[in-house]
Amino acid sequence: MPLDFEFTKEQEDIRSTVREFAEKYIAPKVVEFEEKQEIPIEITREMARLGLFGILFSEKYDGLGLDPVTAGIVLEEIVRADITFSLAVAYLVHTSWGYVAYKYGSDDFREDVIRKAARGDLWVGIATTEPGAGSDLVGITTTAKKNGDGYVISGEKAYISGVREAREKDAWFELGGGHVTLAYTDKTKQHKGMSLFFVPLTDPNITIRLEKEFGRKGWSFGSFVLNNVRVPETYRIGDEGRGFYIAMEGFDHARAYIALACAVGGKRAIELAAEYAKQRRAFGEPVATFQGIQFQLADNWARLEAAHALAYKALWALKMEQEGRIGRFEVTKIAASAKLFAVQAAKAAIDDALRWYGAYGYTEENPVALALKAVKSYDWAEGSLDIMRLIVAREVLGKEYIARRR
Amino acid sequence: MSKKILVYVETLEGLPADHSLELLGKAGDLANKAGLNIGAILVGHKIRDVAEELIYMGADEVHIVDDPRLDSYKLLPYTSAIVEVIKKVEPEIVLFSATVIGRELAPRVAARLRTGITADCTDVDIGDWVDPGTGRKYEKILYQIRPTFGGEIMAAIVTPQRRPQMATVRPGLFPVPPRNESRTGKVVEWNVNIPESEQSLVEVLEVKREKRKVDLKSARVIVSGGRGCGARGFELLRELAKVLNGEVGASRAAVDSGWIPYDHQVGLTGQTVKPDVYVAIGISGAVQHVVGMKDSKIVIAINKDPEAPIFRIADYGIVGDLFVVVPKLIERLKTRT
Amino acid sequence: MSAIPVNIVVLVKPVVDPKAVVRFRPDGTIDRSAVKLVVNPYDKYAVEASIQLKEKLGGKVVGVAMAPPHAVDALREVLAMGVDEVVLLSDPRLAGSDTLATSYALSLAVKKIEQELGIVDLVLCGIESSDSNTGHIGPEVGEWLGIPSVSYVDKILEIHDGYAVVKRLIEGGYSVMKVKLPAVLSVAGTSYQPRIPSLREVLAARRKHIDVWNADAVGLDPSLVGLVGSPTRVVRMWRIEIRRRGKIFTDSDVDVAIEKLISELKKDGVSLGV
């Protein structure tokens, strides 16, 4: 296959613009994200004005009609400026799950919700996990019962990003936001009985509870209880019974972006630590001259280059899927591989990079320390690493080899 | 050509500006090297006294245009006046200080004369040059030396053929020459034709200026504060300056915010300083400020932003909150170990 | 301000990205290849000022740059910000032009734009470029056009029929001036914050056409431009030797950082006069 690692001029223009924004708005405030445990509202508002929240939506709905590779470029620039990953999460979750909601949503839903999401007036999150079910989604208990021209949803979702930012209107987003939520419409059919709904977190019948996250503190993390929350039928994303499958597609999107964020974050961590190592002296030399450090640097860098390329391949695969030129399961295999590889590469790189700081690495102010805490979330977020392994094995071996329940 | 170097002298409240005197002194060195006479150009109203003063400061001749219409600076009439003097006197070299006025007046004069001009020189010298293209040798011409690319690269520029050779020179680089009341010279008054149309094109409605009291130029140590300081920060800075036997400086942002008077301002529209030690506190390091302190012998920066440009031109620095660092630094310096 | 539309020409210079490291070729000349060209950051204040005026008063804003052909991409930034049109003046005969020659060429481009628009009220530019830092283009273009120029304009306060009121910076303060139009104003970075264009505007700018004019199109006299038309010659360029020591201490324990600072100063023999 002929490969071209160059981006188009339009993509480079977009990169420059986002970089200018990142340098002016994000970089000066990054230290505060973790300290204040929130992102300054000016940042999400300016991102909305620039059009960063509408990259993948059709121009018909005020989006830019661009592709996942271009969305990846925007994410790269955000991660470069924010190595704590808080803003990266805000962007990649909305971009991937917003896209899936748009793809399978009804025209009314697109008009009512997607248009606002494209303008950045509203944030889109994802809620599949529950206290009793994560990797094994069949075990969820949230239900959605048809009632008139809508559904009534009850249950609890846990370990969900962005509950606070979606809850509050006139804050990070003018209209707050909502989560693409997985619920049973027919429990007897197991994963063929699930459906996806867009649930506005501003609904009064929802109570949220915030967790004290281990890392990535700039973007909220918590749970929400749905107490007979009513949503119109138009907010159902895709047909009844298709929820699980659409969610799997959404996970592929998220995983590709996560892989890219990890690759870029890992590289940034190495760059920052390398700058420090050039200045820091021990035993009469800058620490950067020690081959022990250089070997670690090289091994990690090579892995991150591979992760970077694989992440873009996954985004390219998503783009091919948009154009109908690649199969669903091929995309799944590449996306899972990308997340599996990139998260591990980033964790190892960031861990090594942090060590070059010496004891200074053990402080909360050190950006690389914050990156380490952030990237740890990807052991689980949007599909655990072990699930990635099962997916890739399944795609290579065939479904018949999936281990059965006892 | 008439074998003269002329310096355009700016005046401030009836006295020649220091930077013009510095330039006159430097021009004197050049004149010696090139075997030229040294003179000044003065434009304004009731400026004869200033002309006399310039002779004591080293000018062999002073060319004045004294006219009520030229009482205060206006770009176009002043350009016309200076151009006429130059056409009549035909100097080899004309130098201006690179002040706000100089940086717009000199290029207009040069453009009207269709001659070459170099801006913002940090040094000027006399030397020979051989054109590599033609092999022709030019003797004792003006070398105009200046920084480019924001200061990273130095360039040497010459004006081999057109006359006069012109340059604007950065203030604060050269010493003020000694004053000698026994010096003699001539004052030549010129009547020039200033087109009526030029006089009415621009009208000054309001001028707000503060007179300089503090002279940072002679300070060996300057402790300077910027946007990050606030009024409280400047209290700390004053204390640190006291401990170091230095003066307090400021960026334009700090002066505009009212935390410290203008006479402490360092930078493009403030003073150019060359102390032995410059401590930049809460100053980001924008070019407009750096231009005024770049040649400090030692630069120490304190800023909480590790990416602040000031760190790129600092010899030493501490990344941290100035409200924590400065008090501790003061304590530490007081213990004198 | 009176509600009359103003036609503005804004002069912009494509420069090597100021954040990029300057490299020399073995022969001592500057290696300008493979480095991205961007719009001179100082000019962006002028662009912002012109767009704000257009938003308030209406009229047209045309950007002009004199540069080699590949600079065309850098100009899209200015289109994305909201300038109506951009023209690139490009001709091999312009290479090597100093400020006198450059300002001559630009003044002819302004005259041609004036012919096309009928009237030009203002010519705006930045106070200097990030690579040459001369600040001469504004005043010299004013001279070639025979119109007033004001440098270091902090803010354009009012525009009326035939004149403008501007606040300009001087050492120690400012002055407020009434200037007959047309005039050249060099705009400082003190009041205007260049907007970051939205992605939509960036993409639209990519699709816009940029006119390229050569020397004949503006009626240039070739003897007045290029090396032959430039009275000044750069005879040597060298990197400054002053290397700052760059010993920056990032310890989160301030006492530790201060100790390091003191000991490094001592080691380097720097006396703080204490």
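Chains: A, B and C, in written order; residue numbering restarts at 1 for each.
One rule holds for everything that comes next: a residue touches a chain if its C-beta (ideal position, glycine included) is under 8 Å from a C-beta of that chain, and two chains touch if they have at least 3 such contacts.
A quick note: this is a predicted structure, and the numbers were derived from the prediction, not measured.
Visitor: Relative to subunit C, which chain's C-alpha centre is the most remote?
Guide: The most remote chain is A.
Visitor: Which chain has its C-alpha centre closest to the mean of all protein C-alpha atoms shown?
Guide: Most central by this criterion: C.
Visitor: Whole-Å distance, subunit A centre to subunit C centre, using C-alpha means?
Guide: Roughly 40 Å, centre to centre.
Visitor: Rounded to the nearest whole Å, what is the centre-to-centre distance of subunit A and subunit B, using the mean of the C-alpha atoms as each centre?
Guide: Centres of subunit A and subunit B (C-alpha means) sit 55 Å apart.
Visitor: Averaging over Cα atoms per chain, report the distance between subunit B and subunit C in Å.
Guide: Those two chain centres are 22 Å apart.
Visitor: Among the residues of subunit C, which are close enough to touch at least two other chains?
Guide: Answer for subunit C, listing residues that touch two or more other chains: 247-248, 250, 252.
Visitor: Could you say which residues in subunit A touch two or more other chains, in rising order?
Guide: none
Visitor: Find every residue in subunit B that makes contact with two or more other chains and list them.
Guide: Residues: none.
Visitor: Could you list, by residue number, the parts of subunit C that touch subunit A in their complex?
Guide: Touch list, subunit C to subunit A: 38, 73, 76-77, 80, 196-200, 202-203, 205-206, 247-248, 250-252.
Visitor: Inside the complex, what are the residues of subunit C that reach subunit B?
Guide: 16, 18, 22, 30, 98-100, 103, 130-136, 138-140, 142-144, 147-152, 165, 169-180, 183, 186, 230-240, 244-250, 252, 254-255, 257-259, 261-262, 264-265, 270, 272-274
Visitor: List the residues on subunit B that touch subunit C in their complex, please.
Guide: Residues 75-76, 79, 99-101, 103-105, 107-108, 110-112, 114-120, 129, 131, 143-144, 146-162, 200-212, 220-221, 243-246, 262, 269-270, 277, 298-301, 306, 311-320, 324-325, 328-329, 332-333, 336.
Visitor: Where on subunit A is subunit C touching in the complex?
Guide: 9-10, 13-14, 16-18, 20-21, 24, 46, 49-52, 55, 64, 276, 279, 360, 363, 365-366
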